[in-house]
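The structure that follows is given in the form of structure tokens.
Chain nomenclature is as follows: A, B, C, D and E, assigned in order of appearance, with residue numbering initiated at 1 for each chain independently.
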Amino acid sequence: MDWLGPEEWSALRLSLRVSFWATIASLPVALFVAHALARWRFPGHGMLNGLVHLPLVLPPVVTGYLLLVAFGRRGFLGPWLHDWFGIVFSFRWTGAALAAAVMAFPLMVRAIRLSIEAVDPRLEAAAGSLGASRFWVWITVTLPLILPGVLAGAVLAFAKAMGEFGATITFVSNIPGETRTLPTAIYSFLQVPGGEAAAARLVLVAVVLAMGALILSEWLARRIARRIAAR
Amino acid sequence: MTLSVALRHRFAGFDVDLDFEAPKGVTVLFGPSGAGKSTVLNAVAGLFHPEHARITLDGTVLSDTGRRISVAAHRRRLGVIFQDGRLFPHLTVRQNLRYGRWFLRGRSRPGSWAAARRESDVIEMLGIGPLVGRMPGTLSGGERQRVAIGRALLAEPRLILADEPLSALDDARKAEILPYFERLRDELRVPMLYVSHSAPEVARIATTVALLGRGRLLQIGPAAEVLSAPAAVAGAGREAGAVISARVLRHHADGITELDAGGVALFLPLVNARPGARLRLRIAASDVILARERPAGLSALNMLPGVVESLHEDGNVVVVRLNTAAGALLSRITHRSCSALDVRPGARLVAIAKSLSHAPEDIGTPFCDIPRTA
Amino acid sequence: EEVVVFAAASLKTALDEIVTDFEAKTGDRVLVSYAGSNALARQILGGAPADIFISASQEWMDEVEKGGEVAGDSRVDLLGNTLVLVAHDDDVAPLTLDADTDLAGLIGDEKLAMALVDSVPAGQYGRQALTSLGLWDEVEGSVAQADNVRATLALVAMGEAPFGIVYATDAAAEPAVHVIGTFPADSHDPVSYPAALLKAAGDGADDTFFNALRDPDATRIFAEHGFETLN
Amino acid sequence: MTLSVALRHRFAGFDVDLDFEAPKGVTVLFGPSGAGKSTVLNAVAGLFHPEHARITLDGTVLSDTGRRISVAAHRRRLGVIFQDGRLFPHLTVRQNLRYGRWFLRGRSRPGSWAAARRESDVIEMLGIGPLVGRMPGTLSGGERQRVAIGRALLAEPRLILADEPLSALDDARKAEILPYFERLRDELRVPMLYVSHSAPEVARIATTVALLGRGRLLQIGPAAEVLSAPAAVAGAGREAGAVISARVLRHHADGITELDAGGVALFLPLVNARPGARLRLRIAASDVILARERPAGLSALNMLPGVVESLHEDGNVVVVRLNTAAGALLSRITHRSCSALDVRPGARLVAIAKSLSHAPEDIGTPFCDIPRTA
Amino acid sequence: MDWLGPEEWSALRLSLRVSFWATIASLPVALFVAHALARWRFPGHGMLNGLVHLPLVLPPVVTGYLLLVAFGRRGFLGPWLHDWFGIVFSFRWTGAALAAAVMAFPLMVRAIRLSIEAVDPRLEAAAGSLGASRFWVWITVTLPLILPGVLAGAVLAFAKAMGEFGATITFVSNIPGETRTLPTAIYSFLQVPGGEAAAARLVLVAVVLAMGALILSEWLARRIARRIAAR
């Protein structure tokens, strides 16, 4: 594909890396939060639910700004994370992944939560009666049954991460090779007259990749469904 | 084992309030649809939490709402066989069967020889060998229930809770599986709480019967007593019957087993029990013919002389309670026969029971060792 | 009468004041749509019902003119601006920006915030200036590009990036930064905001407001906000 | 109605291949767990699409894979009672019951007097009056199944497909509901395809019995014939029995109904049928005692002299087929009795059947009008 | 609430109107598409699925640009829709609603699709056997059973619509009273020095509203669940 320049290649690689890690790293958290929201009643339930949805409601720029306030170098969490864990987000690809993960989080949680709510609690009760502790019930019964939903959530999150722009550029700027993802590249092209063709090329790449992920997930989901089939 | 259950719960328009002790052996919860049988079972299993409950097993508290104790379901080590199967749809039949094993830790793990032996025994007994590789979604109703039974048995529970485990099965299969429940009771001595609405099944398996009706305990006691009591008789229709206890005397060459019931000789087609073993026989009231005297030239081999104790009208028919040396028997006869034979309390009559009419399904084997057929 | 103005987002404060005055004086209504110049230009080309366009870059006004949307020869350069180097920390001494400036040394391994250097005007001018001063090559690797001048300024204001290149107007309005240098006017093309009446404009209020943008009151207000008035 | 079914389908490791015609009345699919009963039923219902199928009802094609025809399930107007209830969880019991009515258009709409009457009849008969306002999630297993029965009945189907509708019910409830199925058959003349694994239920309700085993049709024919055939006897264990046909003669004041079966007088406790009505009686092989001659002084009122036709060994026991004036009877006796009575083909014996042992559950009423008790 | 100026009130009202209609109008389409994706197999299944997810993958600016190209006054569908149906999207609040609907569509479809996949097909078969045609089965069985999912999808879409910015400002600009929604107003404030306070005020309003919608939907979903309860 020599019609993509080296900078574009690098944006593409970076976008894939960012989206991959944004999805993978937020998955366990999303599973936990979705489970808590679906099955537990606790004070702060509404708050947590609201918090999760926040990035959806806020204009992405605001989210990016808030991330900056929290995780920036002079933010209230940033220095602390750096000193204690050596984690740095600002102006790094990890920050882009964080922004993408935060923006995609509500989508992932909703998908997983819906699947959890659809699991027949009587099956979980049956597992419990066979000696499985809550944890094992979750691992051996709930998780396999919600797999299609988890997959859906992950793909949704991946797709969103591939397209995330506003929060990312606000939080970690646009540093070629470090935080210049496909959407920021596309955005830059659209900013100048006549950049449409170059933008279209990158859009095509993004679309092809996302479609690939979608098709893969559909295929996996169908395999799972066929196995459980007919029930 | 002693299971002690006391519970109280108000549903909208219906409330359960009962209190009973289940001694060793199999306690059957018996009663009509909607009586509260599944409710009690689920409360014991820890799957339903009544407003007030105190449930103890062998002295350890499982639930006590008064003291806010409720042992988690998975810590109770009870094997529940649900009325609706509840197989895990994403696991194969074999994985379903082994599910409980994963959590046995220490005690006979999945890989062990004993476990494998037990597994293959259960699979064979339930006739589900050809199904082990399949997914539950493709099973027929009866197949599903058989797998559910196997799954509970293989979890090696301290107490089995079975909610109408056989109602989806055909008679041949029922007849095949019932002995296994008996074996569980007698050999492995696994205690059971067993819900059923089938009197022959109850008679066969129960040590104790708890009769429920509209959320209340109507009666509880040894199977023989409860099943031949008028309360059980009324409404039970043709399922009414008496249960008597007998001892195996000897096996005859012509395929007949001779039993002794309080001095009366009874004859059954070959029973798989060694001489000396005690058996429980259920004789349905509708299977007992009354005669003024012992007739000759009949194919029926069992004649039990006795004295009429009481008569109960039950619609168009009369249920006669006859005291024999073997125990109380019930007989349902028409008014016409009643007057023709001049049946009244104190009258001496002979009860005729076909040897075959209560074999093999109505034979219960309370706590004896019978040679195991693998 | 209603006047619809499409104006570059960075003009908001000043223009809002002018609009308020104008409305009070004439009783006409002025609706201003603030967005990026590129978006506005595309919309005008797409048939947007705008009467006046004030762009932050000549390029996009050129596009609009090429598209035949500019009414007659109404295009004028309305405002000018200067490009400055700002710092977050108060103790950074002012410096002269010329070919000898050790900008790379000043930045160290921190970041220099700029607007997107190949698409956003402030970024484009900034790169032009740095290139002509021969500084671009040494700082290129340290540049964090934000998607507009305000975001650039925010990065410096929060100390996320200790230095940034922004317009003098923005720097003046942000107390958390201070100007440490001004780029020589000849190091880059003149910063200018072209304005034009569009084809859809009528003779009445539209024309009046367009003229009002250049009357003494408007000139005063623009100047108060740090703009250079070119007409 | 004639339902004609031919289907062939390969499941992994199991295939169904059968072909039968179900004449008017109730055709029971009888056979062990996993025989393919539900599969056939679902194919007729249009809920399962076998690889090859040709199913016609009264000449109209429901499925014909050869011609790529498959009438949509909702156009078949069949009332399906599922083995697993399948109530709509989001509707109240009453809404569940009325569900089918919404789609009846024209014919007796929900509001009509006839519909209301029918609805209250069905609700009362099933004993679900107190449940109508509840949500299905709160019902017990048996209650759920009763509602499912009501829901199918109230949809006024052309053909009822019932998959073990009674297996979750207690005997008292079963005895209450079976007559309604009979009434459907006899009064409303709704034809039925009925899956069951209970022989007494089959004997009572079946016009035709199709015996299935491992996906094949083993035998089909009138209930009397199939149920007393050796094929059905073997393996059926104590459920084997003969079905004979009788006519009601008169009702006696002492609560006895006298019937005539091929010239032999039979006595049953009061039967709710007017004189002249034809009844079908099932006499379980295990309920028949054989005697060398007619004994006196017995409570059993029914004695049928006959000639031994054949003997079938069945494990430890012998099944004797006796030709009487009333029809063929089966009797299960021990080898000992067999030799004691010297039973062999051609021998003349008397069969003794307790009048009560086959009443009321074993009475079938083939196509006659019985006074309706509302 | 006198701390909101008239312009801000108007942005708030507009955002509510836009989000409401975006949600309501796309609901039937989403139901249909979700059902098709969940239950039917047809050629083009993958394509449709991809198309639905497109707005998630693309940077919002691109989506806005594509909308402009398609539905703008000079777009290839715009004039046609206007001539035949009298529908105008460009630079109207209807256009903002369209943009919001398009952006929210994938979220709505996913939520509904997951619920549909969780409905036990045996219940639908039972309904069919009772004489209900496909349509009626859907109305009387499927729809009530997926209600919690539909609700979740609608709230997700509403929240997303409340936060949608990139596509909206690109497609229909930022015209006060017509297309200036809360997020675009927030953006405008963020573009001017010292606008953060005003922006924060609007963010607060958006958050409160979205939380209200969330809490309402949770409450409704719980009521539905309690009704079906215990199953």
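As a working rule, a contact is a pair of C-beta atoms (placed from the backbone, for glycine too) under 8 Å apart; a residue touches a chain by one contact, two chains touch by 3 or more.
These numbers come from a predicted model, not from an experiment.
By the document's definition of touch, common neighbours of chain C and chain E comprise A. Looking at chain B and chain E, the chains that touch each of them are A, D. Distance from the chain A centre to the chain C centre is 35 Å, each centre being the mean of its Cα atoms. Put simply, the C-alpha centre of chain B and that of chain D have 26 angstrom between them.
In terms of their C-alpha centroids, the spacing between chain D and chain E amounts to 56 Å. Each chain gets a centre from the mean of its Cα atoms; for chain C and chain D, those two points are 90 Å apart.
Along chain E, residues 61, 65, 122, 187, 190, 231 each make contact with two or more other chains.
Looking at chain D, one finds that residues 84, 138 touch two or more other chains.
Shown are all chain pairs that touch, namely A-B, A-C, A-E, B-D, C-E, D-E.
Of all the residues in chain E, the ones that touch chain C in their complex are 61, 64-65, 68-69, 72-75, 78, 90-91, 169-170, 173-180, 184, 187-195. Looking at the complex, you find that chain C touches chain A at residues 36, 38, 41, 59-60, 62-63, 111, 113, 116, 118-120, 143-147, 151, 154-155, 158-161. Contacts from chain B toward chain A in the complex involve residues 45-47, 72-74, 76-80, 82, 84, 86, 88-91, 99-100, 102-104, 135-138, 151-152, 155, 161. Per the touch definition, chain C reaches chain E in the complex via residues 4, 6, 9-10, 12-13, 31-35, 39-40, 42-43, 45-49, 148, 150, 153, 170, 172-174. Those residues of chain E that touch chain D in the shared complex are 122-123, 125-134, 136-137, 140-141, 144-145, 227-231.
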